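Notes follow once the structure below has been shown.
The letters A, B, C and D name the chains in turn, as written, and every chain counts its residues from 1.
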Amino acid sequence: MSLGISWVTAWIDDTVEVVSHNRTRLSELDREIGDGDHGENLDRGFSAVKVKFDTLPDDATPGAALKLVATTLISTVGGASGPLLGTAFLKGAQALGDAPEINADGVVALLTAARDGVVLRGKAEPGDKTMIDAWTPAVDAAGEAAAAGASPAGVLRAAAAAASAGAESTEPLVARKGRASYLGERAIGHRDPGAESSALIITAAADAAAATEG
Amino acid sequence: MSLGISWVTAWIDDTVEVVSHNRTRLSELDREIGDGDHGENLDRGFSAVKVKFDTLPDDATPGAALKLVATTLISTVGGASGPLLGTAFLKGAQALGDAPEINADGVVALLTAARDGVVLRGKAEPGDKTMIDAWTPAVDAAGEAAAAGASPAGVLRAAAAAASAGAESTEPLVARKGRASYLGERAIGHRDPGAESSALIITAAADAAAATEG
Amino acid sequence: MKKLINDPKNVVDESVEGFGLAHADLVTVSPDPLFVVRAGGATQGHVGIVSGGGSGHEPLHAGFVGHGMLTAAVPGPVFTSPTPDPIVAATIASDGGAGVLHIVKNYTGDVLNFETAADLADAEGIRVVSVIVDDDVAVKDSLFTAGRRGVAGTVVVEKCAGAAAERGDDLDAVAAVATKVNSVTRTMGVALAAGIVPHAGEPSFTLSDDEIEIGIGIHGEPGRERIALEPADAIVDRMLGPILDDLPFESGDRVLLFVNGMGGTPLLEHYIVYRHAASVLAERGIEVTRSLVGNYVTSLEMQGISITVTKLDDELTELWDAPVETAALRWGR
Amino acid sequence: MKKLINDPKNVVDESVEGFGLAHADLVTVSPDPLFVVRAGGATQGHVGIVSGGGSGHEPLHAGFVGHGMLTAAVPGPVFTSPTPDPIVAATIASDGGAGVLHIVKNYTGDVLNFETAADLADAEGIRVVSVIVDDDVAVKDSLFTAGRRGVAGTVVVEKCAGAAAERGDDLDAVAAVATKVNSVTRTMGVALAAGIVPHAGEPSFTLSDDEIEIGIGIHGEPGRERIALEPADAIVDRMLGPILDDLPFESGDRVLLFVNGMGGTPLLEHYIVYRHAASVLAERGIEVTRSLVGNYVTSLEMQGISITVTKLDDELTELWDAPVETAALRWGR
C-alpha cells in the first residue's frame, strides 16, 4: 500500500478543481483581511499546472511531477502565496527524490519538507495566522499517524483533518505575517485564506489517496 | 399711485429671500437639464446684492438702485444667468433714467428693456426654453394691463402671473439655448430653471408693489 | 457625499491657494479677484493668453499656466463661469503690450462673461481677441443648440497657441493658430458615473449599475444617450465613429490621439481605451504621430473618459512639441 | 462594477500594450514575459534599475520608466506581485554591465518574488542589489507585523536612485541613495471609498457615507482605524502628526511635500490637502523646498490621498531636480 504517480496526478487534478471551485470564497476571505486576490492567484496557478500536466510523461516520478507543480506555481501565481506554496512543492519534491512509490514515512517526509520550505521563505511561526497554521498541525498529525502504523492514505487523512482544524484555528488570531498583519486586532474573527487553501490542498491529497487505495 | 425707491428695496429684499428659499429647488431643476448650479449662482448674487444695498443712499433713484443690482449680479453670479439677468437689470435701470417715481407705463418700459437686454446678450427667442419664456409673456401681459388702465401694482401682478405661466410652459419644450439644448428631446418634461427664477423675481416685484400700495 | 474639503463654499479658494503654494516657482495666485498668472507675469512684447471657466476640471486651466502655454487662468466657482471682474484682472496682468488672446470654451456662461470682460479690457486699452473652443461632436452644431461644447480639445488649443505666443507670433497669428487647432480637433466623452458638485452634495445624474452615458460634457450634464454597459473596445468604437466621420479624418492623416480621463477612472483603464483607439485609427490608415493620456480635462470625480483626435500638420506638430513648463504639462525644459 | 475594460483577465496585458503604443518614444513593451523597458534598453556602463509589483497603482511603475528614472518595470496582475520570470527578464534587459538595482515595495509577495528573481539573475551572472521601500507610518514596524508597507514614497526613491544611476554612480552607490531616500521618507494615507479590483467586481472594503479609513495601504487593504468623516484640514492633521513625529522631522528641516491621489479623488481636493499640509509644516518651522501633487501611486479608483514627506539635503535635492523623462514625470529635458 504505497502511493505512486497516479496518486499525484489524482491529487493535482482534485486540487485544480477544488481551487477553481473555491476561488471566490478564498478571495472573499482575503478581502476581509488582505487584498482579495488569493483565490484568483491560486486558480491562475493551478490552471497553469493543469495545462503543464498534460505534457507530463506517463512514467514521471512523483518527485518530478511535484517539481513541475512547484515551478509552475512559482512562475504563475505571484503574490505571497506563489513563492510560498511553490517552495512547499519544491522542497516536498526534493524530499521524494526519484522514488517511484511513497510509503507512510514518505508522506510524512513530503509534508515536513513542504512545511519547512514555507518557513524557510516566509519565516512564519505557528500562531502567526498564516498557511503555517494549516501545515504544521498537518505535519504533526501525519507523524503521529505514521508512528501508529497508518497507511499513506491514513496518514494523509489525519493530516487533512488537522490542517482543516488548523485553518479554523486561525480565526481568533491576530496576524503577524503577510498583509493581514497590517490590521492588528481587526483581523480577529476572520479565517486566514492561505491556511484555508493549504487545508484544501492537503485534503485533496487525502481524498486522492483514499480513491487510489479504494 | 406710483412706485418709488421703497418699492425697489422691498422688491430686492423679497427677491433675496425668495432666491435663498428656492436655492435648492432651482439647482435641482438645473440638475435635470443643466449643471445643477442655478440656485447656487443666484443665491451668491443676491446675497451680494443684499450687502451692497446696505450702503444704498436713502435718496437713491430706482434706476440707480437697479443699476447697483445689475453690476453686483454681473460681478458675482457668473455662469449664463449672471450676464443675462445682470443685463436685464442694467437695461431696466437705464430705461428708468433718474425718475424718482414709476407709473404703469414705466413698469412696462422697465420690463421691456429688461427682456430686450436678455435677448441682446443671449439671442434666445420665445419657445427656446429659457428665461425669455418668462420675460416675454410678462412684458406682453404688462403692456395689456397698462393699456387697460391698471395701476403699477396691477401691471406687475399681471406680469407675474404671465411669467409664472410662461415658466410652466417651458416644460414640454425642447431647449435651443443654454446647456439644456445639449439634451435634445431629453429636456422635455422639465421646467427651465432660469424661466422659473425669472418668474420668482417678477413675482417678488408684484408682491412688493402690492405691499407698497398697501 | 464624501470629499476632502472643508467648507463647500471655500473649495475653489482653498484649492487655488494650495495650487499657488505647490507651484510657486511657476505661478502666482491673485486671491481677489481670483486668478492664476505666470510667476513673473506677462512677457513683454509677447501675446498674453488667458483662459478660464468653471472649476472642477483640474488641471484645466491653472495647471496649464506657465512657459509655452497660458499666461493666466481664471477659475470660476465649480462648474460655473467666472464673472468678468477676475477675467479683466487676469487680462491686464497678461498683457505684455502685444494684446491678449482669450481662449473660451463654448458655453453660454463662459462666452457671455468673457465677452463682457473683453469689452472692459478693451476700455482699458488692451486689445483682446477671443477664440471659442467647440470640439465636442456629441452636440449638434446647429441653430437649435447653443452649439458644440468646448471640452478636452481645449488643452490642445492652449498648448499650440501658447507655443505660438512663445515664439513671438502677433495676436492675430496666435488667434489663427488657436482657431486652426480647434477646427481640426474633435472630441467625444462617455461617463460611467457622475461626479458630485460640492455644494450640491449629490451626483449630477445617476446611472444604474449597468448603464453608461454616451456623449457627456464636462459639467455633469447628462449626455446624448444612455446605453447598457459594453466592453471598452465597443465603447471606443461608438466614440471614435462620430469623431472620425465628422471632420472627417482620412487615411493618410497624421494625428494626435488624446485619451483624457474624467477624474475618477484609473489610468489602467485609460490605456485600455488608448490601445483600441490606436488600433482603430491604424486600421483606417490614420497615423498617430503624437499621443497624450491622462486626467487633463476632468469633471470632478466623474468616472469616464473622452477621446480627442487632432489632425496635425508640420506646423501644429512643431507647436505641440515646443517646450512647455506648467504644473500639468511639461517637456523640453 | 462599471469599468472601461474588456475581459477582466486581460486588463493588465491590454493596458500595458496601450501604454507601449502611447509611449513608444520612451519605452518598449515585452508582452511575454510582461515587462516595460526603456526604448533602446539598458545604458551600457550604467546601473540598471528595475521596479515592479502588482498593477492598479498606475502610473507606478511603468510610468516612471525612462531617462533619469527606471530602466524597466514589471507589472504583475492587479494588486498581485509579478512572478520571478518577468522580473528576471526585465533584470537581464536592464543590465548595462554595471549591475541592477531592484526597488521593491515591502510586501511579502513582492519581497519573495523579487528575492527569487535576484537569485536567478545572479545565476545568470548579473549582480543584483535590492532595496526595500517601507515608508508607510500607518503600519507598526515590529516583529509582530510584516513591517511597514512601501507606498507613495516609492516614487521619490525611484526618482533619486534613477538620477544617481544616470550620473554614473556604481551599483552600491545607487543602492545607497535608494536606501537613504527610504530612510528619510514617511507616508500616510486615507481612503474615502475603496477601489474595485476588476476580477473581484466588488469594493475591497465598504465605508458608509460618513466614514473614512485612516492609514490605508494601496491594495484596498482596510486601514488602521475607521472614523467619522472630518473636514480636510482635520484629516491632514491626523495624517501629518504620525509622519512628522516618526522620523522625526524638525524645525529647520528642508523637505519635499508630496500629496498623492489614490486615483478617484479630484485634483481640486489634492490641492486643498496640500494647502493645509504646507501650513502645518510652516508652523513647525519645516521648509517645503520641493513639491509634488497628483495621482502617482494609486489604488485603482480609490477615493483618498496620501501625504509623503521626504527630508532633503543638498544631494537629494540635486537628484530630485535632475532631468527626468518618463510618461508620468518629466522635467529638465
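The rule is simple: a residue touches a chain if its C-beta (ideal position, glycine included) is under 8 Å from a C-beta of that chain, and two chains touch if they have at least 3 such contacts.
Treat the numbers as computed from the prediction; the structure is a model and nothing was measured.
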Contact-connected components, chain C excluded, all else fixed in place: A, D | B
{"item": "Chain whose average C-alpha position is farthest from chain C's own", "value": "A"}
{"item": "Mean-CA-position distance for chain D and chain A (Å)", "value": "33"}
{"item": "Distance from chain B to chain A - Cα centre to Cα centre, in angstrom", "value": "76"}
{"item": "Euclidean distance of C-alpha centroids - chain B vs chain D, Å", "value": "55"}
{"item": "Sites on chain D at which at least two other chains make contact", "value": "78"}
{"item": "Junction residues of chain A - those touching two or more other chains", "value": "none"}
{"item": "Arrangement of touching chains [line / ring / star / complete / other]", "value": "line"}
{"item": "All touching chain pairs, where touch follows the definition stated at the start", "value": "A-D, B-C, C-D"}
{"item": "Chain C - residues contacting chain D, complex", "value": "1-7, 11-12, 14-19, 21-23, 55-56, 58-59, 63, 78, 190, 192-193, 195, 207, 209-210, 212, 229, 231-233, 235, 257, 259, 263-276, 278, 288, 291, 293, 295, 298, 300-301, 303-305, 325, 327, 330-333"}
{"item": "Residue numbers on chain C that touch chain B, as the complex places them", "value": "54, 76-85, 107-109, 112-113, 115-116, 138-140, 143-146, 149, 197, 199-200, 202, 204-205, 217, 219-222, 224"}
{"item": "Complex contacts: residues of chain B adjacent to chain C", "value": "27, 31, 34-37, 40-41, 44, 74-84, 121-122, 174, 176-179, 181-184, 186"}
